[in-house]
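Input: structures, listed below.
Two complexes come next, and they have one chain in common, chain A, joined by chain B in the first and chain C in the second.
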Partner chain A sequence: MATRVTHLTNLARFWRIPRHPGWAVAPAVAYLIVFLALPLVLLFAFGLVDIRDGRVVPGSWTFSHYVGVLVDPFYYRIFLRTLYMGIAATVLCLVFGYPVAYLFTRVGAGARKVLLVMILAPLLTNAIVRAFGWMIILGGRKGLLNNALLTLGLIHEPVKILYTMPAVLIGLTQIQLPFMVLPIIAMLENQDQTLRDAAEGLGATWSQTFFHVTLPLSLPGVLTGSALVFVISYTNFAVPALLGGGSFAVIPTYIFEQISALLEWSRGAVLSSLLLLTALATVWIFNRLSAALLPWTK
Partner chain B sequence: MDEVKRPRGTGTADWALRLALAILCVTALLGLILPSILVVISSFNASDFLTFPPQGWSTRWYVAMAQNWEVRKSALLSFRVALVVVGVDILLGVPAAFPLVRSRLRGANLIKSFLLSPLMLPGIVIGIGLLFFYMVLGLSLSFPLLAASHVVVTLPFVISMTSARLVTLNVALEEAASGLGASQAQTFFHVILPHLWPGIAAGAAFAFLLSFDNFTVSLFTASDRLRPLPIVLFYLLRYDINPLVGAVSTLEIGLALVTLLVGTRLLGLGRVAQLGRRMG
Partner chain C sequence: MRTSLALTTCVALLCTMIGTASVHGQAGGEIVMISYAGPSQEPHRLFLVDPFEKAHPGVKVILVPDESGEYVARVQTALAAGRPSPVDLAPNGEPPHLRLIGLGLLEKTTTSLVPNLDEVYDVFRQKSQGYGVPATYSLIGIAYNSKRVTKVPRGWKDLWDPAYKGKVGLTSTASNLGLGFLIAAAKINGGDENNLDPVWDAVKKLQPFVIAPNPTALAQLFEREEIVIGPLWSTDAAVLAAKGLPIKFVKPEPGAIAIVSFLSIMHNSQHVQLAHELLNRVLSVDYQTKAAAKPYFFGPTNVKVRVPAEAAEYIPTTVAEVRRLQTVNWPVVVPKRAAIVERWNREFAR
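== the complex of A and B ==
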């Protein structure tokens, strides 16, 4: 009898075991519904109404703000330029990030630690601080780069790099590089060493093994990293605003101008909504591609 | 068999590829750390403008920084905001981690992606959405609203770092504690918390840094009278290069390194890197 009682109490305890009931998650969810979901809904709604003197005009539903942006070739050009900025930064991150990820998987534990700190430390540094570092390097006649090139005799006149698209791309590449490197490392780490051994055993050269085995098998990581880098570059404000200079117009800097200086709320809302939708669509496509490739790499 | 196996890396193509990879790798690593190193060096530059290499050494920019009323005020504001943000993050994030890890709640994955979604959303869109939200409610931008806005983008870190530790906590230990007569509170303070605190602390450290460093969300949710440090730095650099920023930046780089060190001590470098992968 006694054993049965303990058995029952044990059973009772067993049912109580998730003593961390679902509602513990409720405050966090409620908080993000109020401070994230509602604001995003508002952001979309603000593009569909008239706003006068910082107040929504009741019952003024309209598509005119969207139409105004979508038919204007001016916005078309800015969107294309922003798209170019995002894609170019992604390609640069891939070109420079892949070798770093590859190196990481081929060195010992000590070197790995050093590499990881080098990759992670910039990630935690303020975007303004990192942009400032590039301003010192690229800036003006007295900047480090111009100084070095002049001293080496490679150029005779200082070149203007700061406040141009290349400066923005350099800054974005540095800031975004970790987001490309880390997913690729994850994919390379999971790769089956025997596949490479087999390729080499069958007489493949090092570069053949790299292009026909290592690289294709790491494509899901490349896609994940590319999606992240693209979205962060495409929507970045600090880098184009500082390294592109005051008149450098991409969608994020243009939105800031519309909202902060001109108080064009509706236009700001339309452009932000379009920015978010295009960014999310890209992530979705890349993630689908990555998911489709993943089973094939196993 | 020796004749069959070809010596590795002999072809010209191999050497060309290896060389190309090595050059790209060195350039990337230099590009990653060089700007920070130069910021630190330039902050001790004695000359009036940012000349490289520096003509002499001095701490005049640190003196200028300490005497700059705007920088001092904004640094204090950022510090206070970050403290409040960490407090709210812990109160909301630590309890949320339990059902996410433990329960087989239907839709747990959906809730998890929702709670971590601020990591994937562009900061500029979150900032503008919040600005509109406060405007519709008729609220003027203030200290509590700035902190509330920062909570949105830092909460995922506390949740995921707490979850990372919670996954490794054996449920049997809790069963044993309550089986031996411990109350729920006793179990929490003597069994759960001692195991969980490195995750909570690491999450708090990262949340503090990300609030202190936050720029894009503050850009829209901080009023002109309450400017946090990154916003002040931004306006100091917007149309010109101000050497004063070098001194502030050097301290910021130090803060980032300390946070990375604390994070890796508490959770290990690998776990921190995993989080970095999702950070945006």
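== the complex of A and C ==
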């Protein structure tokens, strides 16, 4: 095997083919520039000009849209709520997701198949359809939840849950769970069984083994999953729009209202840019955190 | 197995592409018309588009449901780039109608192509300002669940009755329904379109209320009994009642709010001639009588239409009753709309 690889490498050198052909990524880079980088630059630019009647007013460069948002405590409040939505959904996904991932790596092949289908099931239907499903479960006196609680006599007045933050978090958690579970499974699967055997051989209890060996070694998966779930939840529009109700103050729904109902393109662009920047900043912090917390992964 | 899967995927992709193209495209005599969402779309489909397509073989009218005016941004972008409008016709309530006139997105109506305009109430015709035609009007009144509400509401002020505390549903002022309600509430609290100050405290006293993202969602809240009372479009209340739900509609004192809906041709439409025929058909006695009947109850703008008795709960049946309706001075409100929504969000966003 090794000789074969050496042989191929020599062949490549002979034909002067670079080992990592840079030109192979050119189509992807071009695609990203045209469909991602350019629109992003435009988005930033829209926040720096006046737009009237659907046209950019020529020569109207201004920081006033950014300043208007940045000096306004109202927007800080909405950003904090959005941040709360992202963090809370991430924590909930972790709390519900970790045990599932752990279970997955400890059961036989048959049970694994069943578990995998259950884990992936949320990805098989559209997020909008699932949100409507939650509306039927959570909504009003006739919703499944209230109906059951009222019939059982546990409550006398319907619980208000649809169009609240808890409803949004329930929806986000269910939809985002696979993004937390899968990276953790990947990490747990790659763990060396002999490490756990060694811990047990040295007299460690199950919980000691778990908290001192299994959990720390799975942290890279936890951080990857958390970063994924956070970013998707933090910037999510469909779930807060459907389960949060009207005037539900998080940035994605606010951007939608600014642009589609009020045609305030500049304000929408400013908020979109800030949403993107704060999401990137959080991912960066996640990366720094994982580097600091997990020196052994280097 | 693998081949068939790949084949299925290809076919599905192709269908998606064709589907997308037909919604946005202009080729092959396709007219794109914005319509309402949900059952309110049926009159457009059954009494306007179907007969029209029968009269014009080869011409297809695609109805695109859009209640929040998302299409406007698309039209604006296309026009700004000098492209034909991706939408040919759109119904708009008075506020967006005025805004779209201001933005130059609407085509002036060639009255000679719309002979039925001569049969339209003058008051509605004037409100159009020469753009589109006043196709119908809807009322904003109070809908309530007759099983859960014991005291039948009579006036707008009854929404503040402590008996309904926590069971009132509203929409934000980003929708015409919410804005219309805000004006009605301002007027019973000593304010008006020029002075909205009194209304904010009044609406605060309504808290806690449920805010639905749009009128259709508000109607769903009635259906699920999340709320028992709230301002609603007469047409939405009628649809709920037709489903067998115990939802009643009242035209509250001092008057229900009437909002005219215009059907307009978008600027730079590629089907101006055919679109005018649709405008004429939407004003015809035939269409308007069918649209005024159960279960739609669209207010007829054609003087010659006789409103069926079954529609009396939802639309005025006599000229005297039409006169009692409140209207909103939209030319005053529309320029302040963004500021009103901003204020609403600051007061009530959760």
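As a working rule, the second predicted complex is superposed on the first by the 256 of 298 C-alpha atoms of A that agree within 3 Å, B and C clash if a C-alpha of one lies under 4 Å from a C-alpha of the other, contacts with A are read in each partner's own complex, and residues count from 1 in each chain.
Operating definition for what follows: a residue touches a chain if its C-beta (ideal position, glycine included) is under 8 Å from a C-beta of that chain, and two chains touch if they have at least 3 such contacts.
Worth saying up front: this structure is predicted, and the values here are computed from it rather than measured.
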Once the structures are superposed on A, label A:169 by its partner contacts, choosing first (chain B), second (chain C), both or neither. neither
Which partner does A:257 contact after superposing on A: first (chain B), second (chain C), both, neither? second
So in the superposed three-chain picture, is A:119 touching just chain B, just chain C, both, or none of them (first/second/both/neither)? first
In the overlaid three-chain picture, which partner chain does A:97 touch, first (chain B) or second (chain C), both, or neither? first
Which of chain B and chain C A:158 touches, first, second, both or neither: second
Considering only touches as defined above, state whether A:143 meets chain B (first), chain C (second), both or neither. both
Is A:241 contacted by the first partner chain B, the second partner chain C, both or neither? both
Between chain B and chain C, whom does A:130 touch in the aligned arrangement: first, second, both, or neither? first
Comparing chain C with chain B, which touches more residues belonging to chain A? B
Have a look at where A:29 lands relative to chain B and chain C in the superposition and call it first, second, both or neither. first
Footprint intersection on chain A (chain B / chain C) at 54, 135, 139-140, 142-143, 241-242, 246, 259-260
Chain B-touching residues of chain A, taken from the complex the two chains share: 13, 17-25, 27-29, 31-32, 35-36, 38-40, 42-43, 46, 54, 56, 95-100, 102-103, 113, 115-137, 139-140, 142-144, 147, 170, 173-174, 177-179, 182-183, 185-186, 200-201, 203, 205-207, 210, 228, 231-232, 234-235, 237-238, 241-242, 246, 252, 255-256, 259-260, 265, 268-269, 272, 275-276, 279, 283
Chain A-facing residues of chain B, complex: 4-6, 8-11, 13-14, 16-18, 21-22, 24-25, 27-29, 31-36, 38-39, 42, 49-52, 91-93, 95-96, 98-100, 102-103, 105, 111, 114-115, 117-118, 120-126, 128-133, 135-136, 148-149, 151-152, 155, 159, 171, 174-175, 178-179, 184, 209, 213, 215-216, 219-220, 230, 233-234, 237-239, 241, 245-246, 249, 252-253, 256-257, 259-260, 269, 272-274, 276-277, 279-280
Residues of chain A defined as touching chain C within the complex: 53-55, 74, 78, 135, 139-143, 158, 160, 162-165, 241-242, 245-249, 254, 257, 259-264
Which of the residues in chain C come into contact with chain A in the complex? 68-70, 72-73, 76-77, 79-80, 103-104, 166, 170-172, 174-175, 210-214, 217, 220-221, 223-227, 337-338, 341, 344-346, 348-350
